[in-house]
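What follows is a set of structures for review.
Here come two complexes built around chain A, the first alongside chain B, the second alongside chain C.
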Partner chain A sequence: MNMTVQTSSVDTAPPLWQMRLKLALKNFKSGWAIFKENPIGIIGLVLIVFFALLAALHPILMATAWEPAVYDPITGYDFEILIHPSPPTWIPQPDNPMWEFSFRHVLGTDPLGRDVLSQLMFSTRSEFLLGVGAALVTVLIATTIGAVAAYYGGLVDMIFMRIADVVYMLPFIALLIVLSSLFDFELIHLALVYGVLAGFGGTTIVIKSQALTIKVKAYIEAARIAGGNDLHIIFTHLVPNLLPLSFLYMMFTVTGAIFSEAVLSFFGLLDIRMSWGLMIQTAQAAGYLLNSWKYWYLMFPSGVAITLLCAAFYLVGRALDEVVNPRLRKR
Partner chain B sequence: MLHYLLRRAVSGLIALFLFLTLMFFVSESVAPTDFTTQFSLLMTEEQRAALARDLGIDRPLWQRYFDWFGSLVRGDLGFSYYGFPVAEHLWGLIPYTLLVFLIGTMIAFQIGRWMGKVAAWRGPGLVNTLSSISAIMLYTAFPPFLAFLVSRVMERRLDLKRPALGGRAVGNVFFGELWRSPRWEPETVMSWVLLTVVGYSVLIMVLNELLARRVRRRMPTLVQAAALIALVSGTWYATGLWPYALEVLKVASIPIVTFVLLSFGETMLIMRTSMSDTLREDFITTAEAKGLPSRAIRDRHAARTALLPVFSRLVVSLPYLLTGLVILEDTLKWPGLSASLFNALYQQDIPVVMGGLVLVGVLSAITRLLLDVMYAYLDPRIRYDSGKLRRAG
Partner chain C sequence: MTIENTTMETSTPREIVLQVNNLKKYFPIKRGVFQTKVGDVKAVDGVSFEVFKGETLGLVGESGCGKTTTGRTIIRLYEPTAGHVDFMGADMAQLRGEELRNIRKRMQMIFQDPYASLNPRMSVLKIVGEPLEVFHVANREERKERVAELLEMVGLNPDFMRRYPHEFSGGQRQRIGLARALALNPEMIICDEPISALDVSIQAQVVNLLEELQDKLGLTYIFIAHDLSMVRHISDRVAVMYLGKIVELTTREELYQHPLHPYTEALLSAVPVPDPVVEEQRKRILLEGDLPSPANPPHGCNFNTRCPKAFELCFQEEPEYLEVKPGHFCACHLVKP
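== the complex of A and B ==
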């Protein structure tokens, strides 16, 4: 392309990648300055870091403090406790003479005698993987299609936008429920299907409208005059400028993906070893939610975790919205 | 305006058609084996073939598709694999779903609108942050968990005898003395409750608009609410529906409250954003400079303008609201659409599944169109569009 011309004419200038890095860093700093003004974003970020720590701590704890035979999230069983499920061991139980204060099971055990905290921490990793996987698929599809549709316009644009309209209207969960009850659905399938659905739907429309405003900027024109072909313009000039918005929509996709995983495994439709939704499903299938309040410790940890992690990404998304959309700032 | 609505209706119909086609092929082609081999293990080969012929599943897929779609257009949803007519089966479930969905959406919309308005009016601060965070938390809350909390809080208070949380079998949710030999079936009562509440709300809305045109004033919200309650309860009392309707609402209150909690957050967030946008417009400054009372500026000048994006967003998030409802119904054992969808899925009863999906699709298409009508009415750009066209042509 025309990069050689540029660098040879300005010999003393630093290489292009250094400039780009510097620019990116500057952008990031100014973005962060706006982001940290907003308590909503900070709370979301703290929550995400907290869950990331939980996920990272699990293998360490399994290797050091926790005995695998007791604490394994899937096959563990604690023989020293007579009745499973058992409430958290640090809560006094007046009717149990065997009770003594300990942090043996911080969140209690489930109906199959497994440690709830261990399950919770173990599942966190796959929730993150699922969320990020789905979000990457979404953003990849949405950014490419958005950029291509906006750049070419005409028939290409119309076809993709009509597809987006239809996908947008689909009742997501109903579709996923039908799919997953007829297929053997694994986590990776869910990430793919969710990512594709979200990518072809609403996200594309938003990103395309942003791409339309970038397409008419002077530097795109300049690149075209300098002899850049369509692919070059789309991928080195259009797409990088769409990335902030794509990143914002990644956050909302993560929320949606984690939520739908929880719902599907709550209905027992997902082929998965352990997840937050499955923890509630286990308790429900064993009939422990019939007398719901007595076994609150089967419902609370995973219910709260799902709610908090979904909310965390949503909160970060809301705060990022203000960074990306100058119109929303300073109120 | 008519042109605009017509266009929306046609595009809605096309989307519905594509959705149903997609779902038909997905559900027909990904099932592991067909219905006869899966559920009639004791039959001989000939019997199985005969059953397949009876059910019409031995024909090629495209033929079945055209058959199914043809009868759908004629308003016939066909028969379940277990022999009962699908339309009749689903007809009995509609009141359950609509009761929660319509009343819940109405309440959620009003709460969200009001909270968003007040939050934006107060400007940034602790109240604003806290209300945003709690709205987001409720919006992203895991529906079964929220349902668990709500039923915990409300069941004791209302003294409800309800089937407990969880499990899949869904049966009758109405027990007690009243339903031993009722004058009306619960479904009939529900339909009447819906009809009166929605009908009177629309009536009050229309009256309000007429009043606004004639004397340029509107009824205060409180008066509207009081009038609605008086009218509705008066009608119930006069027709003898009173105890039944009360009982139905009592049982339905848990799904309705959960649904409201789940869905008001979004309305509130959008209302807040668009209201703060509106508050920086010039006409607000003008209104302030004129010396109008701040209440009037807030409610009459800013909030009305800010309502537009809320409507357009509601149209978009409808599928999400409906799916939230599906999860909720299953968790709370509310015998609505989802119950039938799930049971049918487990039994691979494709006609019932497709019927349920048709209902979901039609429901969302109709609500979308209704919201479009309201949107068109509220947005002067669309309202005056047709007038211009007529003058030009």
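== the complex of A and C ==
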């Protein structure tokens, strides 16, 4: 009698996914409470949202306000302006009698007559894709290797950690320059290569050290006693407990990936139609970088964008660090 | 008097579930750049005993005497250095891979720390159902039913299966750990100090639950503890360990009333008696010094550095572990059959 009552109450209880969702929401809320205390995290988050809006706005502007022939970030050309590059149209130009106030080119045009703002906005999306793509690859590799190396220890651990040491020591940018000069490098390739390099390198070492602290917990032993094999223990006990830290290192990888893209594009070694690095490269190739004070609009917008987006992910990462790692909290 | 009668019952020959023979577990000490082995920590150094079906064998001793290591080596959380562990016709010490995994169905363990032994990211359903899942013995629905049944068995509301470990108290968590151990209907459970992390009031509850389940399911326990009064309460027979060796093993009444080994005497003299008159006259045998390092045990008898009765022979020869009376084993030069 009692038994049937109990089991029926089990059936009427909300399904497990709902409970999980509730728990996840609760975790998120408590995490958010710590996160929002930290101004640097909020600054980072605001910046990321700002750039995401820029990226989202570009196709809308192209479809409505901007004429493709003029504003296309790659093929556009403004015939109404005689000299390119031209400074932002809202800045008064005393020595140009043709000048009148407008927001036609908010950030001016580049040496090839293309709108700088359009280029900047168009590139934002690919920067995000690159960053997140590289970060996903990194986390996938680093978490798996970190968990496996920590769990098995011994020779497996030694091999992966020596690989990590070597990769960690490699000068990324120089290596990427060599690789991209040897092979046809597109954005997706860069994301993969950077992700693999970061994944085998420093991130693995950090994740492995975290995995070591989880490996000695009694519940890992309990799982072994329960009859779980190695694969079961690694993927149902170790990895889920590593994910918060993995997520944090995702943020740092994004920063590195965006930065290396800028460097490669600047050297013209990336087979990409438009990117922030490429914008600076265009200015440099035409010789305008030597006169940056006058032609600031060729370099500053993309330079500032690179700096800010990299900083944004880094700041969010730092703030998340505090959420994941209670020892860093002030209280 | 009734206690005496049950003692007689337990001492009659019965089916042996577990026979441990000269079990050793040495942890190597490594030093230097090349990690060369410079010695061994002899955590368990030649332990032999047997466990009868349906009984509780208490394993007591002070911290660092190797009682937990013994339990963990038996269930193969540690690889034994030497010795045999015969469990229901299989040598636990030799099993490998799938065979070892399968024997887990019949021997389970509950852990000391109820806070660390449950994965914080898993629901109770997942934790208790884990053994069923990894052995593919039940589908989703059956697993749910079985978990509900198990939770009820250990005195928890089956609705709790959707909750997460952090929502429970220490005692409740230990019950969850017990439910997990019971999931596969094991014959034997090694209880590794299951109550030492709990409040005193909760300790009694958990111990009573263990006893209740033993009667109901015919379980056999190895109960590792350092709380002598709790061991007296739950055990049928008690083994006293000192520095990796069993110094005395006998039925609980025999041990608590007629201890033979000087170490057991000292250990028992430290237990407070809940009677002010007796307590006042109780004489404590204070042992001098610390537990010697198991990396460098004393020559001769292990206990000779602290034994109040030690004499010449104790420093020269290691005492044999003998059955001095029927069912009463002791390793001491002063005690001869």
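Quick notes on this one:
One rule holds for everything that comes next: the second predicted complex is superposed on the first by the 311 of 331 C-alpha atoms of A that agree within 3 Å, B and C clash if a C-alpha of one lies under 4 Å from a C-alpha of the other, contacts with A are read in each partner's own complex, and residues count from 1 in each chain.
Rule of thumb we're sticking to: a residue touches a chain if its C-beta (ideal position, glycine included) is under 8 Å from a C-beta of that chain, and two chains touch if they have at least 3 such contacts.
What you see is a predicted model, and the numbers here were worked out from it, not measured in a lab.
Once the two complexes are laid over each other on the shared chain, residue contacts for A:166 go to chain B alone; chain C is not touched. By the touch criterion stated above, A:307 is placed in contact with chain B alone, chain C being left untouched.
Within the superposed three-chain model, A:255 lies in touch with chain B and out of touch with chain C [touch as defined at top]. Looking at the shared chain after the overlay, A:58 reaches neither chain B nor chain C.
Touch criterion met: A:39 reaches chain B, while chain C stays clear of it.
By the touch criterion defined above, A:174 reaches chain B but does not reach chain C.
Residue contacts after overlaying the shared chain place A:104 against neither chain B nor chain C. Chain A is touched at more residues by one of its partners, and among chain B and chain C that partner is B. With both structures placed on the common chain, the touch criterion links A:215 to neither chain B nor chain C.
By the touch criterion stated above, chain C contacts chain A in their complex at residues 75, 77, 101-102, 104-105, 108-109, 111-113, 116-123, 125, 130-131, 134-135, 144-145, 148, 152, 157-159, 161-164, 177, 180-181, 183-184. The part of chain A that touches chain B in the complex is made up of residues 39-40, 43, 165-166, 168-175, 177-179, 181-183, 202, 255, 259, 262-263, 266-267, 280, 284, 287, 289-293, 299, 303-304, 306-308, 310-311, 314-315, 318, 327-328, 331. Touching chain A in their complex are the following residues of chain B: 11, 14-15, 18-19, 22-23, 26-27, 30-32, 120, 123-124, 129, 132-133, 136-137, 139-145, 148, 151-152, 164-167, 269, 273, 276-277, 316, 319-320, 322-324, 326-327, 330, 341-342, 345-346, 353, 357, 360-361, 364, 368. Remark: chain A residues 3, 6-7, 9-10, 13-14, 16, 19-20, 23, 217-219, 221-229, 232, 236-237, 240-241 touch chain C in the complex.
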